[in-house]
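The chains carry the letters A, B, C and D, assigned in the order they are written, with residues numbered from 1 in each.
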Amino acid sequence: MTASLQAPLSQDLFNHRADDIAAAGKYAADHGWTPATSSNFSARLDEDHIAVTISGRDKGRLGREDVMVVDYQGRPVGSSHRPSAETLLHTQIYQRFPEAQAILHTHSRVQSVASRLYADAGIVRFEGWELQKAISGHTTHESVIDVPVLPNSQHMPELMAKVDAWLDAGKPLYAYLISGHGIYTWGRDMNETLRHLEAFEFLLGCELDLRRLTR
Amino acid sequence: MTASLQAPLSQDLFNHRADDIAAAGKYAADHGWTPATSSNFSARLDEDHIAVTISGRDKGRLGREDVMVVDYQGRPVGSSHRPSAETLLHTQIYQRFPEAQAILHTHSRVQSVASRLYADAGIVRFEGWELQKAISGHTTHESVIDVPVLPNSQHMPELMAKVDAWLDAGKPLYAYLISGHGIYTWGRDMNETLRHLEAFEFLLGCELDLRRLTR
Amino acid sequence: MTASLQAPLSQDLFNHRADDIAAAGKYAADHGWTPATSSNFSARLDEDHIAVTISGRDKGRLGREDVMVVDYQGRPVGSSHRPSAETLLHTQIYQRFPEAQAILHTHSRVQSVASRLYADAGIVRFEGWELQKAISGHTTHESVIDVPVLPNSQHMPELMAKVDAWLDAGKPLYAYLISGHGIYTWGRDMNETLRHLEAFEFLLGCELDLRRLTR
Amino acid sequence: MTASLQAPLSQDLFNHRADDIAAAGKYAADHGWTPATSSNFSARLDEDHIAVTISGRDKGRLGREDVMVVDYQGRPVGSSHRPSAETLLHTQIYQRFPEAQAILHTHSRVQSVASRLYADAGIVRFEGWELQKAISGHTTHESVIDVPVLPNSQHMPELMAKVDAWLDAGKPLYAYLISGHGIYTWGRDMNETLRHLEAFEFLLGCELDLRRLTR
């Protein structure tokens, strides 16, 4: 059952964004990044609404009926479903990054393991990898990209406060990990967001491999 | 040749459960969790019968003709085929867990290796992983999930006694490993059982990776 | 171009065996066990002939035209193609194991790495793995299965002499590895041979993982 | 939009080479060797032109419209698109190796990690692997194949000078790695180039595995 939207929210826009989310979900699931119905995805609809996956659905077989509309306070709009428990992490990113149009949160094994391994350091630093150029705004492997690792919490305001603190300190942010959990990343459209996700997954995998080989 | 069932066992019910088993088998085989015709699967039919895979079949290409009916003592009903040698481990779970409707037993490389590695400890403990929430009844990564590792045996009553002992001690049980062998897990329907299997496979993989990186 | 056979060799028999070889090749290639046109496969035709893959073909896209007939001295029959350079290793197995009907030789990464790692020991020993039961004649994980590792050579008689020496010593043989190279295994039909290949690939992978985790 | 070519460049030839590039790209992408729109591919057209992938395209979904023509100085011919930033590395190889007809440059995790690991040594040496025979001109595992590892640079002439220095020293060259980046390899047609790529990917993976197991 597709969410019915109040005017002036366009059903066409919703359908388009929900289809983007479903396609990205299939790609992520096919790569094994969304085990056991984990992960959640969203896309910005307008100044008041986002589209976000309904809690607990199989991320490899999403349809429009698995996506719902919420406002920027995370409240359902025109739906009695429960949005992902982490919806407020999505709305926070849309509010802090006006250019962000899509967000992907996944739980790959590499992401989960790296997030535990670097939890104490609170950061993963990427240096010297050509694939850093896949992150928008980076034109050389000589750049440095820091991805913070937040302690996990079931209480969203705690996580949001950590993200706000990082941003309020003026530090660049392209993605963040939550310990034992997964990654959040975003972009100016779904394709860029998928490229960022794929790049961070790759870079984290390289860091783990190199660590195994050089310790 | 589909098993012919005695009244009042419904052929429709058998077909439905056999189709569930075949779909789960394909999913598990596609992920490489059922090498060399290993693994076995079942579903509860009624108070007297379960459906279980016939011994030795390729788990990635199961049809209704690869599934048979047995009673709770593991005796074939309406079939001259030999059920999986481990059928009594299935019936034990259905008897001890009235809500269990489906059981999956697989042999992935991660399961086999982890079961050998933790055989002496007799247990794998999961703590701090968000994906623990995929196990029914768990709402936070702060929970602790213990999965026992039983010594392997070709004699089913030995294994059954270990499972009974664990349960009789009042300890929660969501799955168990058998050393050098694989995992048993179950759920309230086939979807939940698959989610549990996928979650435990993921969690075991994370534990092995983290151990490799931190020893 | 399918090989034309002299009477009394049946074209139907050849076609059937060539199709078996092609199907096994696709399975092995899909699993990544035949990189860069490596590997070779065969099936017994009759007391005087075997069917074997032509040298250098892509093992994931074999057709009947990629399979040729040779006699037990490895000489082409009814074909001007060059058989695999290792054809004599195939004919040796058919001569020493009258029940062998199919042989698969692959080059997976696990096989190549394990063969180097155990080259000095000259043997890989499997003990305590449930999947040993996938090797015909084994009914318990308590059995011991030894797979010899031969030094590599481009000179087939050298390799054949090592295989003969092992067999003449009365030791059981289900498969052998060649160092830096790959595995040979066989069975009473192509399905059994594939099951043996899949089981040894799995067991070698488990041994490598366990070694990485426990050294 | 397919590039329109000036006479006497044949549109048929371009289409044929672009289709080869697209097929190779799909194969490489399906194996995970081209993450996040990285990698670039080319084929020789004639004495004055090559076909090369346009910058930033998804390498798993290439069509003729994603391939453009450049001259041997890397200047676009009949196209306003931007060729890959590394086009001059392609033209250098075509100029130094008259028999080279196709070049593949990919970014697999194995390639990226190995290139960092062997960056200080400046070389990866392969010895004793049967799969070395997949590199044209090699007929035994007893050969030695050296693959240089160049320091990464965003400035192509720096990289070209390193390649020239290696060749001018009279050393054989079948492929080279760039640190933290990926591999370049080539062949007398696209099939041979793909075989070389697959062989080097395999050999690098074996070296990393063996190193993990024996350090």
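Throughout what follows, a contact is a pair of C-beta atoms (placed from the backbone, for glycine too) under 8 Å apart; a residue touches a chain by one contact, two chains touch by 3 or more.
The structure displayed is predicted, hence computed values, not measured ones.
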- Note on the structure: Cα superposition of chain B onto its copy chain D, rotation angle rounded to the nearest 5 degrees, comes out at 180
- Query: Which integer distance in Å separates the CA centroid of chain A from that of chain C?
  - Reply: 46
- Where chain A and chain B are represented by their mean Cα positions, the distance between them in whole Å: 33
- Expected list for chain D, residues touching two or more other chains, is 212
- Message: So which chains actually touch one another? I want all the pairs, not just one.
- Response: A-B, A-D, B-C, C-D
- Message: Looking at the complex, which residues from chain D come into contact with chain C?
- Response: 128-131, 134, 139-142, 195-196, 198-199, 201-202, 205-206, 209-210, 212-214
- Message: Under the stated contact criterion, what part of chain D meets chain A in this complex?
- Response: 35-38, 107, 109, 112-113, 116-117, 152, 154, 178-182, 208, 211-212, 215
